[in-house]
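In the two assemblies presented below, chain A is common to both, partnered first by chain B and then by chain C.
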Partner chain A sequence: MKPNPHTVKDELLSALPKKSARKRAEQIVVNERRPDGSVPEIKANVRTTPGAITQRGCTYAGCKGVVIGPTRDILSITHGPIGCGFYSWLTRRNQTRPEGPEDANYIPYCLSTDMQDEQIVFGGEKKLRAAIEEAYELFHPKAIAIFSTCPVGLIGDDVHAVARDMKEKLGINVFGFSCEGYKGVSQSAGHHIANNQLFKHVVGTNETPRPEKFKINLLGEYNIGGDAFVIEDLFERCGITLVSTFSGNSTYDAFANSHMADLNAVMCHRSINYVAEMMEKKFGIPWIKVNFVGAEGTAKSLRHIAQYFNDAELSERVEKVISDEMTDVLKTQFAVRARCEGKTAMLFVGGSRAHHYQTLFAEMGMKTVAAGYEFGHRDDYEGRRVLPTVKVDADSRNIEELHVTPDDTRYLPRRGPDELVQLEAAGLDVAGYQGMMPEMEEGALVIDDLYHFEMERLLDIYKPDIFCAGVKEKYAVQKAGIPCKQLHSYDYGGPYAGFRGAINFYNEIDRMVNTRIWQYVQAPWETEEELEVEEIAS
Partner chain B sequence: MIAIEPLAATRNACKLCAPLGACLALRGVAGAVPFLHGSQGCATYIRRYLISHFREPVDIAVSGFSEATTVFGGGDNLRSGLNNLARQYHPELIGIATTCLPETIGEDVGHLLHDFHPEGDVPFRTVHVSTPSYRGTHVDGFHATVKALVEQLAQGGPVRGHINVFPGMVSPADLRYLKEVFADFGLEATLLPDYSETLDGPQLEEYQNIPAGGTPVESLRAMGRARVSLEMGRTMADAGTAAVSLESKFGVARRKLGWPVGVLESDRFFAALSELAGRPIPEKHAKERGRLVDSYVDAHKYVFGRRAVVFGEEDLVVGLTAFLAEIGVQPVLCASGGESGRLEEAVKAVAGDAVDGIVVKEGMDFATMGEMARGLAPDFLIGSSKGYSVARELDLPLIRVGFPIHDRIGGQRILHLGYRGAQQLFDAVTNTLIERAQERSPVGYSYQ
Partner chain C sequence: MLLRHTTADVMERSALTINPAKTCQPIGALYAALGVHNCLPHSHGSQGCCAYHRSTLTRHYKEPVMAGSSSFTEGSAVFGGQANLLQAITNMFAMYNPDIIAVHTTCLSETIGDDLVQIISKAREEGKVPPGKHVIHANTPSYIGSHVTGFSNMVKGIVTYLAENSGRKRNQVNIIPGWVEPSDMREVRRLSRAMGVNCNIFPDTSDVMDAPQTGRHEFYPRGGAPIEEIRHSGDSRSTLALGPTASEAAALKLEEKCEVRSEVLELPIGLVATDRFINALRHRSGIRVPGFITDERGRLVDMIADMHQYFYRKRVALFGDPDQLVSLTEFLVTLDMRPVYIVTGTPGKRFETRIREALGDSVPEAQIRQGPQADMFLLHQMIKKEGVDLLIGNTYGKYIARDEDIPFVRFGFPILDRVGHSYFPTVAYMGAMRLAEKILSAVMDRQDRNAPEESFELTM
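After this line comes the complex of A and B, so read on.
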């Protein structure tokens, strides 16, 4: 029988003391799709209850691990004790493709100032300076980034002053990030801090002209499992010029040159929508939301890009690529649907993944019964229409808001106001994102920042056919007899983006939800024993 | 001798942070949940690392400092965190380990806990340990936690017949093996910690949010009444450890033993047990020793004279050195990220004839290790997955042992200890070298 989501919500809340439960109730919502297109309000981007076992990471993780991590030629130095640097070393399958053997790639390195008691007491700036100079001597990088961990903020080390001095002394770009772990409620704060600094210190510093046609930046695509490689290939075949990706398979020079693009295509709205906004304000580059997860989303996104450039030849090439790819996609879809249709999924991951991956499941005939983000904000759930009503709390105020004005010489609106109106009229949602909830079913559970014990209850009540999260959840989910697909690292599988990726995903999920492994859990003698017990009882 | 300048930065660290060790040790106490007092990210990072090695759920709660908490202190977060956790998990014990933030602001967790009164009606005990990441390594955090558990829970009283065993940071398979050996000797042993079941558990019909297994709190309390404590690890300090504490507080005699890795260290270990139990080595183990030595005879020609880089936790490095030296492999570099100050002496004590050819390095990172290894012409590396970048760079095989192993499955099932563990290590080393020769052979033979 289908569980009643309202009862489930009450049950989840009953495990918390009253005061905590009251606050928590606002983050657990039963979805409704109202006639005016709105959805119920959800509380998001707020502190996790102390003592909860959360999926969330920290500001440092978002800044160093997620945003700057995949950039191969920025040399990263973690300023802090050893743990933070170690744990963010070569994570999330930071795949990158240097163009040649001489091309710098620092991703395999994890440099840390490895703070000790002495630095905590007397300050760590001296050691940091030495580490930067030494790193420069060893690698001669184009740029060095310094990441602050928790104690740095407390002991008052000024990483930005050190960065300024070193920039002057070494003659390369050196910039710091005040991304101490405690600063925000989740890694989302770290994404913002990272992107702000990239915008301040890197974007627009390389004026090399780009003579190609159809130039775009892809924002918020992190190349998990090689996704970016698939998307890069699609763009190339369509004749779309990718100036830069923030920040999968990325390089310093591409960031610096990114203001030369004519359109920003935003994948992960959460981690980067503000960069799209700032680039529009400063350079006049419009942005659209895209989604290269799922065959349908990929086709739609390519068509939207073509629509923006309004070029018959481009549209033709895009259509050709789509039709070439869709033959195989549909063939696999048909095959897996026979085995997967009607099965259920839950997704608790990311700041856009819980939304994007629902479309892949839908393409397989599978239904998402509950979903939520680890670090999303209200606009990621309810759509940008709620932005004016989002409350700014102390944690959000902690994150610097850059005040951007049009660049004196380089501001050039790529599309005039009339053109934008026309594009909107033709169905292109410029600078828009509708959010996850309007696309979810009525009665689906939406839970922000899912707590571990809530997950255990959900698995028990709903018994979904598959649960998508990360490695922290994976083994608990599997102990409960349900397959778990990691959507942070893809369990070393993937890519899942684009058409080829969709096929990979269909096949993998098909194997997972139809595996026979669970039938071995009960040993044969256990069954016999039970039978005997029953016999005795009767 | 290769001179390597000490650098300001640690490049590709060969150590993890102290609170990770604390969480690992706490997972080895029955009914316990680790609780980190500090930043949310610490729990997440540490969970990710422990989980990807053990491939088991590892729940770690966190108080979650905010900017305001760093100014006003973490007392409120600690109290509400403990209450929330107790209500969800009904733990018997909550082990609180601090991370950098409360340590930097100088928070007195002991005092906060002293004044803490749980809200709910479910009683639970607390144990706390100070583990800032800027002091020591994961191994230090591990030992500090074991000591804190003993100091805060063990009680004195009439001596009972059992023995205490502090095995150090070994694998679940090692712990299961040790328990088997003690049982075979008829010795009643309390192992602390014991994550043999909690971090390598079966597939279940019904999920348990606190996995079964671990050292029972009652047994932990009785550690003050044991007849002897075995503290395993040649690099263990002779002050400030759990066994030293039990000795000074309750008069429980302390006996320090090396990790029984390889034949010789295992012989010493089994001799000690034989003496404690007052009975000879059980036949099963004598036979395992026999088979092990038989295999040494069969295969020494494949391994003799080969050169190895050994790295990892200090006691593991000492044990592996003993093992490699006895099979005729020359350990050329024995390195650890730890800095006990005792590694060199311990390595030299077990290295036998190989002693002159060994460079011992504490406080080592992988970048330096790679640079040094280049000049030492090793044939293979033995240590955790983190040595892979060096192995790849030098085009050498890496034999994975210790922690963390997250690019292969089965890290939790690797047996390092005893004759049985030595057998597995020996087979792994030999077969790796044979495979390498086979891969490099122009003939492609499959029989020789």
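After this line comes the complex of A and C, so read on.
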């Protein structure tokens, strides 16, 4: 029998003390789609109640780990005790491919000031300066990024002053991030801080002109498991020039030159929309939301890019690529549907993935019965239409909001107001994102910042065929006899983006929901009522 | 090349650590707390600490790792984390019903100066701790020591809060197994029992971090040292602490608090260290060593003797944690291998002396590096200067091994890319056989790979 989501919601809230339960209730919503396209309000981007056992990480993780980390030639130095640098060392699977054997690739390196009690007492700036100089001597990078961990803010080290001095002294770009872990309520604050500093210190610092015709940046694609490689290949075959990717298989120079693009295509809205907005304001580059997860989404995204450039040849090439790829996609879809159709999935992950991956499941005939983000905001759930009504609380107010104005000399609207109206009329949602909930089924549960307690109840009540989350949840789910797909690390597989990625994903999910191992969980003798002693013939 | 910027020339560094051979205290405290039955570890700091520690331990064990966080925000960083911890205690008892919450601090709460003793007593006064339940803590500032220090501090914290001397001695021996794998703890228990020692082992992560698949997720798995037994550790006849860096502090605390005499041994990794362990057990129970243990030892010696040519004089680089490195060094010497580079990021006074003792006069060229800037970058540089035949260490070693094309044996923490460590011990004689087998496989696979066709051997 189908569980009643309203009853389930009550049950999820039952264990919490009253006051916490009241607050929590606003983060658990039963989806419904109203005639005007709106969905119920959900509370998001708010504090996790202490002790809840959350999926969330911290601001440092969002800043260093997510946004800046994947760029191979920015030398990252963590300023703090050793742990933060250690845990963010190579653990996010951001693949990168330096052009030649001599080109810089710092991703396999973990650099830290390894702060000791002496620095906690007397300050850590001196050690930070020395560390930057040593790093420069050893690596001679183009740019050095400094990441603040929790104690840095407390003891009052001014990483930005150190960065300024070092920039002058070394003659390379050095910039700092005030991304102490306690800021904000999740990784999300770190994304914002990373976006701000990239925009302030890197974007627009390289004026090399780009002569190509169809120039775009891909924003919010981190090349986990090689996703960006798949998308790069698609662009190349379509004749679309990728100026930069923020940030997967990315380089410092490409960031610096990114204002030469004519369109920003945004994958992960949550982590990078700030850069898109700021580039629009400063340079006049419009942005559109794309989704290269799922074959349908990939086709649609390529078509939207072509539509933006309004060029018949480009559209023709795009259609050719799509039709070339779709043959294999449909073949695999057909094969896996026979085994996966009608099965159910739950997705609790990230700030975009819980949305994007629903489309892949839908393509396999699988249904998403519950989903939520780890660090999403209301606009990621309900769409950007709610932005004017989002309340900015104290935790968000602490994160700097850059005031951006059109650049005196470089602001050049890529599309005039009339053209934008035309594009909108033709169905291109410029600077828009509809969010996850309008695309989810009626009656599906939407839960923000899922607590472990709730996860266990959901598994018990719904018994989904697959659960998607991160590594901290994976083995708890699997102990319950339900396969769990990690959608941060892809379980060390992938790529899952683009058409080829979709095929990989179909096959992977088919493998997981149909594996025979779950049949063997019970030992044969555990189901026997009574033991019959057999006479063994002598 | 993966580590393409690493050169053979060593530049003196005073401030920068590159590719650390250690991590921070709280993760060790979390792991130690998992070795107590029905215990929910708790990280008093920002959410990221807890997320990172749980993720790393989960990747190492492929098991659920449950722990709470005080979820500090900017407000808590300014005003202190008391309100967060009090709320966390209420929420955790309500949602997860542990018997005990083991709180460890972080660099954040330590820098703020949160007084855990005071906050916990406030929680008690306000009735936030249900009757019969416990909240304990350990101070684990990330800017002192390493993950091993954190483990040691939590084990000491467990003793401080729970051990009691009732005045009635129990005929039992405490064994503090050190930071080893669940498989190792299980092996220590097996051998102690076989040696007639009524052992009280804590912490004990067996049946916690290697729980079987049953189709049900047990939030608190069957294993872990029961609180009652830890309480009785104050009545034990003596304590055997394995691995001074990880276990000595708790043993000394037991001496001081409950007057339980203690002896500290090196981890029983390798032939000779295991001999000492078995001897120590023998002296406690007074029984003869059962034949099957002597047989296990004999099989190990036999295996080494049979395969000695593949070990002999091979140069080995190793990195990891002090207790493991000391015993491993001794074992490598037993095998007539040459541990030439030994690196740990964990500080501590006696490390070099212990390593020198383990080496004896056998490898005069051995270079030992410890503490600040004793990292894997330096180790790699040493290897580039003069190569080795084998690298032993945690998963991060695979980058060096691939670049330098060196056979690699995974040993230590964390191991993120292979399984086995949680299931098969490396302690005691059987564990030494497993280590020797791993070393042989690595070295002999290399010989097979490199051999010219005419000298490719069928039998080795």
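Assume the second predicted complex is superposed on the first by the 528 of 538 C-alpha atoms of A that agree within 3 Å, B and C clash if a C-alpha of one lies under 4 Å from a C-alpha of the other, contacts with A are read in each partner's own complex, and residues count from 1 in each chain.
To be clear about the criterion, contacts are C-beta pairs under 8 Å (C-beta built on N, C-alpha and C of every residue); 3 or more make two chains touch, one makes a residue touch a chain.
Keep in mind it's a predicted model, so treat the numbers as computed, not measured.
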Fit or clash - chain C, chain B, common chain A: clash
Partner chain in contact with A:A425 - chain B first, chain C second, else both or neither: neither
Touched partner set for A:N105, first chain B, second chain C, both or neither: second
Chain B versus chain C as contact partner of A:A312, first or second or both or neither: neither
Partner chain in contact with A:K183 - chain B first, chain C second, else both or neither: both
Chain B and chain C footprints on chain A, overlapping residues: 15-17, 20, 47-61, 77, 80-89, 108-117, 119-120, 127, 130-131, 134-135, 149-151, 153-155, 181-183, 185-186, 394-395, 398, 451-453, 456, 459, 470-472, 474-476, 478-481, 521-522
Residues of chain B defined as touching chain A within the complex: 7-13, 15-20, 35, 38-49, 51-52, 55-57, 59-70, 77-78, 80-85, 87-89, 99-101, 104-105, 119-120, 132-135, 137, 201, 203-205, 207, 209, 367, 389
Of all residues in chain C, those that touch chain A in their complex: 1-5, 11, 13-20, 22-27, 42, 45-49, 51-56, 58-59, 62-77, 84-85, 87-92, 94-96, 106-108, 110-112, 141-144, 146, 211, 213-219, 345, 372, 377, 396, 399
Chain A - residues contacting chain B, complex: 15-17, 20, 47-61, 77, 80-89, 108-117, 119-120, 127, 130-131, 134-135, 149-151, 153-155, 181-183, 185-187, 394-395, 398, 451-453, 456, 459-460, 470-472, 474-476, 478-481, 521-522
Residues on chain A engaged by chain C in the complex (per definition of touch): 15-17, 20, 47-61, 77, 80-91, 101-102, 104-106, 108-117, 119-120, 127-131, 134-135, 137-139, 149-151, 153-155, 180-186, 394-395, 398, 451-453, 456, 459, 470-472, 474-481, 521-522
